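Naming follows writing order (A, B and C), and every chain is counted from residue 1.
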Amino acid sequence: MLELRLVQGSLLKKVLEAIKDLVNDANFDCSSSGFSLQAMDSSHVALVALLLRSEGFEHYRCDRNTSMGMNLGNMSKMLKCAGNDDIITIKGDDGSDTVTFMFESPTQDKIADFEMKLMDIDSEHLGIPEAEYHAIVTMPSAEFSRICKDLSSIGDTVVISVTKEGVKFSTRGDIGTANIVLRQNTTVDKPEDATVIEMNEPVSLTFALRYMNSFTKATPLSNTVKISLSSELPVVVEYKIAEMGYVRYYLAPKIEEDEDENETKPQV
Amino acid sequence: MLELRLVQGSLLKKVLEAIKDLVNDANFDCSSSGFSLQAMDSSHVALVALLLRSEGFEHYRCDRNTSMGMNLGNMSKMLKCAGNDDIITIKGDDGSDTVTFMFESPTQDKIADFEMKLMDIDSEHLGIPEAEYHAIVTMPSAEFSRICKDLSSIGDTVVISVTKEGVKFSTRGDIGTANIVLRQNTTVDKPEDATVIEMNEPVSLTFALRYMNSFTKATPLSNTVKISLSSELPVVVEYKIAEMGYVRYYLAPKIEEDEDENETKPQV
Amino acid sequence: MLELRLVQGSLLKKVLEAIKDLVNDANFDCSSSGFSLQAMDSSHVALVALLLRSEGFEHYRCDRNTSMGMNLGNMSKMLKCAGNDDIITIKGDDGSDTVTFMFESPTQDKIADFEMKLMDIDSEHLGIPEAEYHAIVTMPSAEFSRICKDLSSIGDTVVISVTKEGVKFSTRGDIGTANIVLRQNTTVDKPEDATVIEMNEPVSLTFALRYMNSFTKATPLSNTVKISLSSELPVVVEYKIAEMGYVRYYLAPKIEEDEDENETKPQV
């Protein structure tokens, strides 16, 4: 028996929008500690990890650990039928091959039940060790989204270079080159407008913009994004979900062999 | 000689948007009592009836009963050229094969005349008898539109079931099932937000969502929609046009032979 | 050495949107007096002329006259990466085959450099003599845009007819005819809402709506448009750029041989 009641149902709608373009089918794991998901994207290049802690739900009942395989496209279709102010409850019975999403309008005058078939999905849960990163950039999520989108109109990859002074996003393509530099900036009116750089050593890494643009689908979940970079590790792009958990994306850097010196060394 | 001057010209624009997807060509009938239309949709499944009473026009002159065959797509193209605040006048001369739509801006600085060719269209006017209905549901038109759209993402048909407590809209499709229940609710701040159920006996009927979605194109005409249901009659979906008349849609229920018991009995 | 700093960078973004659909590749000419462009559209029917005077720039350095061939589609892609409040600087080095667009955010926390390859483009600069026009119509640019768009849903050409009382825009097509008359009107609250007609003699000329619709892409640059008409000359459609210059479009009238009398004589 599973019953998870989320007053701010729009969060779940946003979570689905954040992951459904990257992952087609995935197991949602439900335990006493929370509702979570870990999945590779369909081309097995990026990894997405979601956590919604049990404390964030108004009511959270999960009698035993359960894994529910869902088609995220179909789940998104159903969640789109929930109003933005609706309370969403996820319900499952032990051994059932369906899951039910219940949407209650704030006035309780409209109650909807959407029942979806579950799927059997093979998946292995990867252990992701805590790691030390060379540099961590925290910045407004909308700015990161804008930069990824803008650079995509010029090239296919982005070089992210971090120094103490700032972070540089670069690309090149047939029509020319682009460099966008953000300076560290903590003297802002609103904390979420800050760009904060924690750096142990300079780093410069290349990533496919296609994936970065998929990651920015999580922008509505959080005003800020945290980008953790290390030369030996996949980048982590993390969007915190207020008081509940996070969506994290992992992507290995590209090894660009024919890059010239200017590109591979940080030059912010 | 025909001259119908409608100060709130945007009403006519909305009427055309409400019917043009359903009906390609139709006769508008003009008499001393009003401007009206009755037409089957192009697949001869649904019927639409429009009435704009003469009292609703600022100036209404119709010397003799006239039937004007128009292509609604072309008429819509012309009416889209009227501003939302424009006064619209429909003009016709006896025996002429054209109709003129005149648009006057509120300041009278811009005057447009659009002349459209008329068509010969065979049509028979069906008498629609007043009938007793098992149940009549009055509800916010935007809510009805939202429900039809939401259910269309799951299935092709909707079962509308009415009991004293409320109205239930259900569908099923490959990815699962959906049930949306609206409770009777008359204690609302604005009368147009009420859901009111007048019921003589419970009723449960199945309709093609494709047509229901076409009917909801009339949503901008009225804050509320009235749905009249009876097991032996086509459903009537009615949008009132303030102080002038209505757009009504008629659609026969589907007979679903392989439906299971749960579907055909009301269970709100 | 070239360095042109434009505080209101959004102007340059709007200029590109105003010309990029009409012209694929063009030379921008830079001299001590300003930054300009003159180019035929790709079908060699219309001419576009742009001037941004040096006084309008916050900083303007142009050591010697330079002509820079650019692909306007690519330039537009880059300028779209500038924020609407960004300061834009155009930079070029003598003999370089690239141009750099620098975008600075108002807070200076984000600096972007976009470098674009230049092209060799053959072009001859046409001298456009000052001319006397039969009639000059000044009107709200949004109204002109609306009229061209509306008439395009009916026909392919517009007849513009000017008399002392007003200006008439007419078209005809398969579904009917349309006439839109604007009266001279100078008693308006805001000067930019006025329709002003300066007329030496009545004029009635026919133009392809396709080009007129391209010209109206300049609407965001100015609240008003000035249309100069003469029977022996191309029409000039001019959008002033506040305190800096203009975008002007030139288009030769169509000679319609099978036009009936009603069409070729002004009848406002």
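One rule holds for everything that comes next: a contact is a pair of C-beta atoms (placed from the backbone, for glycine too) under 8 Å apart; a residue touches a chain by one contact, two chains touch by 3 or more.
Please read these numbers as outputs of a predicted model, since none were measured by experiment.
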Rounded to the nearest 5 degrees, the rotation mapping the CA atoms of subunit A onto those of subunit B is 120
Across the interface between the identical copies subunit A and subunit C, with over half of residue numbers shared counting as same and under half as different, the residues used are different
Rounded to the nearest Å, the gap between Cα centres of subunit A and subunit C is 44
Multi-chain contacts in subunit C, i.e. residues touching at least two other chains, fall at none
As the complex stands, subunit A meets subunit C at residues 143, 150-151, 153-154, 175-183, 185, 195
So, in the complex, the side of subunit A touching subunit B is made of residues 71, 74, 77-78, 80-81, 98, 107-117
